[in-house]
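Structure provided below as structure tokens; questions to follow.
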Amino acid sequence: MPVDTKRVRGPDESQSPLVFLPPTAQTCEVLRRPGDRGKGDVRPLFARCGLVSQAKGSAYIEAGNTKIMCSVYGPRETERKDDTDMKSGRLVCDVRLAPFSCQKRGAWIQGSEERDLSLALSESMQPGVCLHRYPRSQIEVNVMVLENDGGVLAHAVTCASMALADAGIEMYDVVLGCALRQDGDSCLVDPDFSEERGSWQAGYGENQGRVTVALLPNFNQVSGLHADGEMREDTLTAAVRTCMDGCHKLYPVVQQAILRAVKRKAPPPEK
Amino acid sequence: MATVQVSEAEKVYVMHGVRDDLRVDGRGCEDYRHMEIETDVVSNTDGSAKVSLGHTDILVGIKAEIGKPRPMVPDEGYLEFFVDCSANATPEFEGRGGEELGVELSNTLYKVFNNRHSLDLRSLCICPGEHCWVLYVDVLLLQCDGNLFDAMSIAIKAALFNTRIPKVHISEDEEGVKEIELSDDPYDCMRLNVENVPCIVTLCKIAHRHVVDATLQEKACSVASLLISVTHKGMVTCVRKLGRGSLDPDSIFEMTETGKRVGKALHAPLMELLQKEESLGKKRQKVGFLA
Amino acid sequence: MAVDMRLPTVRKQISLSGSQSTDGKHLVVPGDVITSDTGFMRGHGTYMDDEKLTASVAGEVERVNKLICVRPLKTRFNGEVGDVVVGRITEVQQKRWKVETNSRLDSVLLLSSVNLPGGELRRRSAEDELAMRDYLQEGDLISAEVQSVFSDGALSLHTRSLKYGKLGQGVLVQVSPSLVKRQKTHFHNLPCGASIILGNNGYIWLYPTPGQQDEEAGGYYTSLEPVPLPDREVISRLRNCLLALAAHKVLLYDTSVLYCYESSLSHQMKDILKPEIMDEIVMETRQRLLEQEG
């Protein structure tokens, strides 16, 4: 994205109006999840492949209010000659959060959070793609987050694997992601933004954290694991297991979406 | 990270060695290399530390400045991390090469400290909503020989222990204008409680076992590593999987357990050493960068 | 689990008293005038400035009859014909491999300078060119001899003897090239149970002594069998000893390595790299070497 030089931004002291909300509105008690979701339920997923006609492959995912779009270009010749690897291809991942996606307006220039997400996505996707089949080439995966309502990394992983499958890139398995929010002794699977951020008072309690797991369901191998916050080791272990179950629940939906896209592309049967 | 090339036969040798708990330099799978720690090496900072772990050298400098607190948390100060991989460390870092690695390291540090208990941020507040202490933690990579995360976290803990923040005094005059006064006595300062600051342990998976404190050669033989940051009580603050490979869930649980055990055991000798160094006071022989 | 944390100490260079005085050595820095006598020929590391012979590198002055040159003490490897080197393949090009040998430029290993599998003697064909990668890939280690030196200083290597070729399982240790003593042979089977190749370029290769000699394979077959534990221990100990000797700038050859190994037997392998134990072991080694010299 280009550097935004023409727009006149407000003075530096300008702040988001959310800061001025009365304190009670900022805390979020998680007594009842919206939509009557249980603590271990993932949000219903809407997934479609083949949106962007120019790209080799693309996918769009909606989970609750989180909307993510991904497009795949390649395999192409590597741009930087010194990075050419004779034996395997490269996977270049780029995650962008649209400026209007979060509650607070984001900057146009890629911030450190986006670079962190791009690196995390690349590490999670690499074990799943058969890169040795594309020596000296690079595959570009571009993810755009249109609305951030929690679980961005997890859903970006799922979206990217669907786009790769749509592009016909050889993969060992579909990579699925699932996020979790640990709050004291209870855990919430697939949190939305307010659940993920949590309340500031709760932050002083024990066992608070967020876990994101990327899984290859047929091999039962974990390809990505990110956790932060402060948790006990056994809580962490239980959280990882719960996330893995969440991924398995997502698998049939993703499978259906990819098959539907394949059927649309396939030529009609000869009579 | 700087990489070395290894041949297939060397990889096989290293893998078999790790399987038998005998690494190339004679260490066991959970042994660290020789470590040297020194604090107060840079006089212009409020706190500094230098750590050498094998041939990896890391220098951390902390400067405390007065700034405005974040709007969502008016009664707390905050930390800002910046990691610089200079071309001194290895020619691969020339120009913008080291920037990617530097960004990855600083993002990990933000995640490690992203909880309420590591550092008591409320003690950094001067005047709620108006002034607070901002600690700028700058990490400089002088030499790179593998295992950057561990050495960096130890250096940061030592530097935070060494940090002396001057005490300030708020005075309000008749019109309600607040003035900040620094106390005249240079020794009148506030120290930070670093008991809960976590230490990072990186575990590299080589074949079916995992090793702590991997050298660059061992890293080239592994496809996946797990980074885990542990406090002295055994609480886990950040877990990340690094590398191009995937991990079995059972290995993850094993590695988490080892990481927690090794991490917990790092804190006691470190605090002991830091306190011993401080008790030496003026008699301490300052080595700096000469060794 | 062992963690060794300590405060750093200034390490003094230990030197045995009296024996290594610097009277005999003429040390210069760049810009120092070596001599104003015009009867001398100038060699490497010097330049003529107004009829005065001046040094251009920091090092020791060497005089051979009328030739004066300055040899820098810590430098990249400058190869000469006949040197044994250990190198790593960096690139596979048409009809040759590029080998990294710790010198100014990458060395070259031509396809015509290697032995074909099976020991055949024939002209290299186009098929051999395509099969180059099957033999040596990027990252492989080889031991070779310098055949000739190109005009720009790059070395041309050959592995035309059965003792050279691709290296199998073992450990590579990198030290400064000036620490490796020039000897008749660089391949040694140490009595402690391992073998060592002391490359002139500072790359030292430690490997388990092969049981039977695979004569017909000629360095092509790399055994991927696990190396037994006692051999591994010997190799790890030797590696640490080599690093200890290199840190104290002791000349490396088979006798010095062996003495160091024997002195280190009383300590644990992983302790050898601790500063005080390193000092102790190297002192003992130096003592024994002096006694041996007479």
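In this document, chain identifiers A, B and C correspond to the written order of the chains, with residue numbering beginning at 1 in each.
Heads up, the rule we're going with is that a residue touches a chain if its C-beta (ideal position, glycine included) is under 8 Å from a C-beta of that chain, and two chains touch if they have at least 3 such contacts.
Computed from a predicted model, the values in this text were never measured in an experiment.
Engineer: What is the identifier of the chain with the smallest separation between its Cα mean and the overall Cα mean?
Structural biologist: Central chain is B.
Engineer: If you average the Cα atoms per chain, which one ends up farthest from subunit A?
Structural biologist: Chain C.
Engineer: Based only on mean CA positions, could you tell me how far subunit A sits from subunit B in angstrom?
Structural biologist: Comparing mean C-alpha positions, subunit B is 28 Å from subunit A.
Engineer: What is the distance in Å between the mean C-alpha positions of subunit A and subunit C?
Structural biologist: From the centre of subunit A to the centre of subunit C is 51 Å.
Engineer: Averaging only over C-alpha atoms, locate the centres of subunit B and subunit C and give their separation in whole Å.
Structural biologist: Each chain reduced to its C-alpha mean, subunit B and subunit C end up 36 Å apart.
Engineer: Which residues of subunit C are in contact with two or more other chains?
Structural biologist: 138
Engineer: Quick one: in the complex, what on subunit B touches subunit A?
Structural biologist: 71-73, 103-104, 106-107, 110-112, 114-118, 224, 226, 231, 234-249, 252-253, 256-257, 260
Engineer: Note which residues of subunit A are touching subunit B in the complex, please.
Structural biologist: Against subunit B, the touching part of subunit A is residues 15-16, 19, 26, 112-113, 115-116, 119-120, 123, 126-128, 200, 203-204, 208-209, 211, 216, 219-233, 236-237, 240-241, 244.
Engineer: Under the definition above, what is the set of subunit C residues touching subunit B in their complex?
Structural biologist: Result: residues 1-11, 88, 90, 138-141, 167-172, 222, 224, 226-227, 229, 232-233, 236-237, 239-240, 268-270, 272-275 of subunit C touch subunit B.
Engineer: Help me check something: in the complex, which residues belonging to subunit B touch subunit C?
Structural biologist: It comes out as residues 5-10, 12-13, 16-17, 19-20, 22-28, 30-38, 52, 212, 261-262, 265-266, 269-270, 273, 276-277, 284-285, 287, 290-291.
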